[in-house]
Amino acid sequence: MFTHKKELQFHAKPERPDPVYAKKLQEILGGQFGEISVAMQYLFQGWNTRGNEKYKDLIMDTGAEELGHVEMIATMIARLLDKAPVKDQEEAAKDPVIGAIMGDMNPQHAIVNGLGAAPKDSNGNAWNADYIVSSGNLIADLRANVNAESQGRLQVARLYEMTDDRGVREMLSFLLARDTMHQNQWIAALRELEEKEGVVTPSTVPAEWEATEFSHQLINFSEGEDSAHLDWMGKEAPDGKKFEYASKPAAHAEKPKLDPAPPYMHNTPPFNEK
Amino acid sequence: MFTHKKELQFHAKPERPDPVYAKKLQEILGGQFGEISVAMQYLFQGWNTRGNEKYKDLIMDTGAEELGHVEMIATMIARLLDKAPVKDQEEAAKDPVIGAIMGDMNPQHAIVNGLGAAPKDSNGNAWNADYIVSSGNLIADLRANVNAESQGRLQVARLYEMTDDRGVREMLSFLLARDTMHQNQWIAALRELEEKEGVVTPSTVPAEWEATEFSHQLINFSEGEDSAHLDWMGKEAPDGKKFEYASKPAAHAEKPKLDPAPPYMHNTPPFNEK
Amino acid sequence: MFTHKKELQFHAKPERPDPVYAKKLQEILGGQFGEISVAMQYLFQGWNTRGNEKYKDLIMDTGAEELGHVEMIATMIARLLDKAPVKDQEEAAKDPVIGAIMGDMNPQHAIVNGLGAAPKDSNGNAWNADYIVSSGNLIADLRANVNAESQGRLQVARLYEMTDDRGVREMLSFLLARDTMHQNQWIAALRELEEKEGVVTPSTVPAEWEATEFSHQLINFSEGEDSAHLDWMGKEAPDGKKFEYASKPAAHAEKPKLDPAPPYMHNTPPFNEK
Amino acid sequence: MFTHKKELQFHAKPERPDPVYAKKLQEILGGQFGEISVAMQYLFQGWNTRGNEKYKDLIMDTGAEELGHVEMIATMIARLLDKAPVKDQEEAAKDPVIGAIMGDMNPQHAIVNGLGAAPKDSNGNAWNADYIVSSGNLIADLRANVNAESQGRLQVARLYEMTDDRGVREMLSFLLARDTMHQNQWIAALRELEEKEGVVTPSTVPAEWEATEFSHQLINFSEGEDSAHLDWMGKEAPDGKKFEYASKPAAHAEKPKLDPAPPYMHNTPPFNEK
Amino acid sequence: MFTHKKELQFHAKPERPDPVYAKKLQEILGGQFGEISVAMQYLFQGWNTRGNEKYKDLIMDTGAEELGHVEMIATMIARLLDKAPVKDQEEAAKDPVIGAIMGDMNPQHAIVNGLGAAPKDSNGNAWNADYIVSSGNLIADLRANVNAESQGRLQVARLYEMTDDRGVREMLSFLLARDTMHQNQWIAALRELEEKEGVVTPSTVPAEWEATEFSHQLINFSEGEDSAHLDWMGKEAPDGKKFEYASKPAAHAEKPKLDPAPPYMHNTPPFNEK
Amino acid sequence: MFTHKKELQFHAKPERPDPVYAKKLQEILGGQFGEISVAMQYLFQGWNTRGNEKYKDLIMDTGAEELGHVEMIATMIARLLDKAPVKDQEEAAKDPVIGAIMGDMNPQHAIVNGLGAAPKDSNGNAWNADYIVSSGNLIADLRANVNAESQGRLQVARLYEMTDDRGVREMLSFLLARDTMHQNQWIAALRELEEKEGVVTPSTVPAEWEATEFSHQLINFSEGEDSAHLDWMGKEAPDGKKFEYASKPAAHAEKPKLDPAPPYMHNTPPFNEK
């Protein structure tokens, strides 16, 4: 159950409207690694956790926090859109500043959302649940979380470069900090789990299920051997075994030949064969 | 530039057709973490790498290999669909075995694909490029890769449980092994990079951009304090700083109040205010 | 800002697992009118409200509640999936009960989500933000909300018919009640607003913008005149004007003829003309 | 069965080309509430109506009309794109007027559609059938229709503000009028049905299915009590019962605890518990 | 402008309900090559035709007809769903016939659409406008139309195999016939255009734009030379030039090396280089 | 199995960066008819071919080549993005050249991809597998291939018009040539197959399945008779039969009337009938 507190977790007030930047900021609201993604990812992971209550709690804590980040960015975008001009393009183009503002803002911010934020990315693609990961395996999912916070913090840093507005930058400085924390916490949790379970996930696969002769071999599928010279090549792998290097890929099976389709499929009948 | 060798990298021959399992196997072909995803993810990462040629080569090697895995699974699915029955449901239902086979196969395998594989997941959703990650930042992307190989190997293990067919299991044993290798290699590469760059990505964000007072604080957004008792809480974080714990979330900003929309937006005029 | 309370708003415990029903129940979790849709719709409407604070508060209250409904249904689905069998289809088919259970469950519940809920609908389509409405106009948005709660309650009623599990039905009885409340509240709010603004939205369009001769005319585009006999036809329309009936559609403009494309478009050059 | 008349229902001729406005106008052609959406929504509702022939006829009439609106807007867009310049950006940018025109037009209008309209919205997202509603319940569906015509008319009004072209405005004046009519007709139909069925849909849910103690309660999930002061709070609800107010949300169930996953799921084994 | 005639173009009455077949039949209603696709494809091609009025008329004729096919199939699906059982799965499974019917029907047919058709395919994916083609070039588009009618007729033939219901087969016999006609007409039109324009589209590309040394060369990118033995290899190509065969692919450019990213991108700094 | 050669098949080096053109070029990388589409389409067709080994080999050859075209265009885009400016919009707008460059580039090229290519189209829509065709019927699929190469070459020609960069044009001249070859080869293959099988696909449909009285009739669904005057109307159709013309569409079935829904569907009960 969730309750809402009207105060924002952190400031979300730009110095001045900037509808073009509002469009860009949508990326960290409704993009692949935006705040909706992490909120939904953590909540679904939490709800699906079976046992491991401390981790479930940590995941739910973070999920609830991210909902508040969605709110901050949505508020910031609404303010960046304050009184955004919508008049026709040709006239505006005579004044390059106005023209650029109008032409490059997301047209749906005006036509569809009435100067409000939308759950979409910086190109106007609607957020969708294919962005998130909830597998039921904690190590796998913590790796998804480390990834999400890494991509997310990278995007925030790039957006920081794209504005001089001190209000926007203040909010981004907070998001940078929280992404630092979240990278740290997921890595810490992961180290704890990997120590118990091993680094290769899932750890519960019996050895006899695996064609282990291929489990540590780097196969060189490109011409040239650059990858053979990686510092760790030929040394101990993270799981304690040793990396091998195969300079040519081998084909372990024949060329496949499929049986003809049954007539009721109405595929083209075979012909032209020798 | 890519060239094709007709022999398969590994065996892809089931003992007998099984159109229902063919539907399930689509998950690791065209699902979020299927072979199309890793192939495309690695290739785009490779093409976008600027410098770091050894890593670029490693990434391209692996991408080219994954294309061959797509081929193996597509071949396996076509064979699992060999002569799949398509006759009407009601009659088939009288024989529970046949009925179950027909009712539960993916109807598009017959109607659309003529008993062939499709670039879709186990629910028939088309593969889409939102599944992949290519950010230009190597640490961030290697984390995406560790995640992809973890989710992928987990799904292969689950699919292994769902069949007794020795031919299918043989192919899966190879995929388990390659996912072991790929987890190992991305983790090894990541450790090397993190040692130079630090664990928090991107490492190039100036300290003064970040509201560092929030960079190591676990904020408890749930009632109850389970997460406070994690073993690593209060200790050194992966980036060398110390984790802190805040048992109550603080609101650092006011309740937001947006300016009214301009009349040309045709939003509802404000009313009902005190 | 949101905080999480670990107790559920209402019971979400089935009498026994039922993985096939779990698949169906996904519709009201992640479908077009599922709980994710209403949660996100209300939250975005709230964040984008400019003025009208009482309504903003009502909308945010309801949005926060719906997050808790997502949680309840996700929990119910996880329990319906408890120990769901995953073994191979052909063998299971020999026991029709088991066969039907296995064949008809959502394969991703096992392969992808480890017996957990997913933000998807009953056919496995990922939730996407195109399901929601947030226009900045309060009357328009309240109508979207009345629609969402009507479709939602209808789906809950149909799902109620599809199970005899008392635990599931108990949860659905709560959702039916809350949808009753939410239909009532949005209708009450709408009546208040329509009284001030009029029923045609947006009310701020100047009369001279509108080709008012077409504003109250039912045009009969089908052969036959059934629709002419509707009880309210020819009487006062909701906006106080009078409905008219045109038994034949008129074409008020000529057949359009487009200019040829410029050569740099490489369209097919016109030919074959008289 | 449908037949086509070559004359347009109404004028669709701009004073002059404007490829940037053509991009914006796509919203009411192929966006969430564009003409394709209402055409397809009404046609599917009509085809799925079981009984209630007068309403079926009204719905089909309106669906057929909307197909003609798609045609008008597609024609208008093709004309707004007449001879749209496509030359390279940098040179054009030297003339700000031309530069703005070229830079901001939808690139697919030239590259993909040869200066023609596309079934996409103003951000280039393809129309999809998730935009429409056809539930088989007439009250629910009429509410969807009132919503669609409200969102649609709002978007037309905003697009009217964004141009000074008299030809474009003339077409929009017709669309404003038809949306006025369609709002009126769906509201009239809805009032007739609600009078017979009651306002809460579906009306056929037996009282004993519903946890009626929650059917009229506004639960305050936000801090602060603004929503308690709504004029209609505590008074008669639209369904004739009385609204209640609960200033604190209650949790009616325990904290959920899921059973561990079976080993064949390969979830992370529980650990780290007290 | 379109008008609707209530009578169907052809019979759409099954002998008896069959909700499982209803699910499969959705493929030719709302799938990639279903009737919605051809209707929308032809209408958009017609609206975007600039000149060539006879072809425009032919295209619009066919588009209008396809709208009537959507109607026929939607009606058939509604009837196949008549009184479809929805009760719970486990009990039904005891009667294999009923169990198979219930388990395999599309759950949204009951939960979402109230036993009506939906604009979706046989796996429940919503129709989307990415399925259609409207390029402004008539030869290119007629080829898209030949393709669509070929895929469509193939799917109808497969669906014919999947049922014994005489009513369903009667409707499919009509669709087979119309697809025969439409294949014939688009091929006839194409031959007429190719005779004037040549077979390579667009015909308006100046020779000097093209690296003609590569315009007729089959490059063998696979090991083995099967494709060299095609009957037409080495002979005259359709455009009158001669096919050549290159048994090894040549690389005409160097290995690409990208410049490092600028620091403001926060990509990983290059390292690990020799 | 695929191997990678580091040299590019052809040059992919622009004279100078042009981030706006990079956005447009995405269309032929990740759009509906971009290189990812043809690569994936040909590979899946090849993997699903049952018999007809020479054609399978031809299809696989071409598929492997197209992977190399994806690589060339991805490389070109990365170079067009070299050092793309990202600073804030308002300041840049003062210099119209810079302003136009920044405003019109794809924001995700900077924020998400770190100045790299993405598997998306020119409007930023992610590539998805609904773009491809693999039916198991060779004639049907070769028609899909002719269509894809026709649309693709048309788009390349249009993009050629949109730039003066000699490096970009050089790469496009190669793609024009390869699309010429691929149109030629698929047409040649198609002619060979059609000669054996006939032009109407699938050729295996028994005559008695088809309502042949409708197999050659052009039905005039529009007012006016332009299409009657097509040169080939009334003459021999491609399949050897004769085209007929019906100047009015006939309705061969009655107005459909659906049975009422069962009560457990909770549709609106019928009312308002005479």
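A, B, C, D, E and F are the chain letters, set down in written order, and residue numbers restart from 1 in every chain.
The rule is short, and it goes like this: contacts are C-beta pairs under 8 Å (C-beta built on N, C-alpha and C of every residue); 3 or more make two chains touch, one makes a residue touch a chain.
Quick caveat, the model's predicted, so the values are computed rather than measured.
Using the contact threshold fixed earlier, the set of chains in contact with both chain A and chain F is B, C, D, E. Following the contact convention of this document, A, B, E, F is the list of chains adjacent to both chain C and chain D. Both copies, chain D and chain E, contribute mostly matching positions to the interface they share, with over half of the numbers common to the two.
Averaging Cα atoms per chain gives one point for each, and the point farthest from that of chain C is the centre of F. For A-F, the equivalent interface among the listed pairs C-D, A-C or D-F is D-F, as over half of the contact pairs agree by residue number.
In terms of the distance between Cα centroids, chain B is separated most widely from D.
Centroid to centroid, with C-alpha atoms defining each point, chain A and chain E lie 32 Å apart. The distance from the centre of chain A to the centre of chain B, each centre being the mean of the chain's C-alpha atoms, comes to 10 Å.
Once the centre of each chain is set as its mean CA position, chain B and chain C turn out to be 28 Å apart.
In chain D, the residues touching two or more other chains are 1-9, 32, 48, 50, 53-55, 60-61, 64, 68, 75, 78, 86, 96, 99-100, 103-104, 110, 112, 114-115, 120, 123-126, 128, 130, 135-137, 139, 154, 157-158, 161, 192, 202, 204-205, 221-222, 224, 230-231, 249, 251, 258-259, 261, 264-267, 272. Listing the residues of chain C that touch chain D in their complex gives 5-13, 32, 53-58, 60-62, 64-65, 68, 72, 75, 78-79, 82-83, 86, 110, 114-115, 128, 130-131, 133, 135, 137, 139-140, 143-144, 146-147, 150-151, 153-154, 157, 160, 169-170, 172-174, 176-178, 180-181, 183-185, 187-189, 191-192, 199-202, 204-205, 209-222, 224, 226-227, 229-232, 237-239, 241, 243, 249-256, 258-259, 261-262, 264-267. Note for the complex: chain E touches chain C at residues 1-6, 48-55, 86-94, 96, 99-100, 103-104, 106-108, 110-112, 114, 120, 123-126, 135-139, 192-193, 196-197, 202, 204-205. Listed in rising order, the residues of chain D touching chain A in the complex are 18, 20-21, 23-24, 27, 31-32, 96-97, 99-101, 103-104, 121-125, 154-155, 158-159, 161-165, 221-224, 249, 251, 257-261, 263, 265-273.
Put simply, chain A touches chain E in their complex at residues 154, 157-158, 161, 229-231, 264-266, 272, 274.
Those residues of chain E that touch chain D in the shared complex are 1-9, 30, 40, 43-44, 47-48, 50, 60-61, 63-64, 67-68, 70-71, 74-75, 78, 112-120, 126-130, 132, 134-137.
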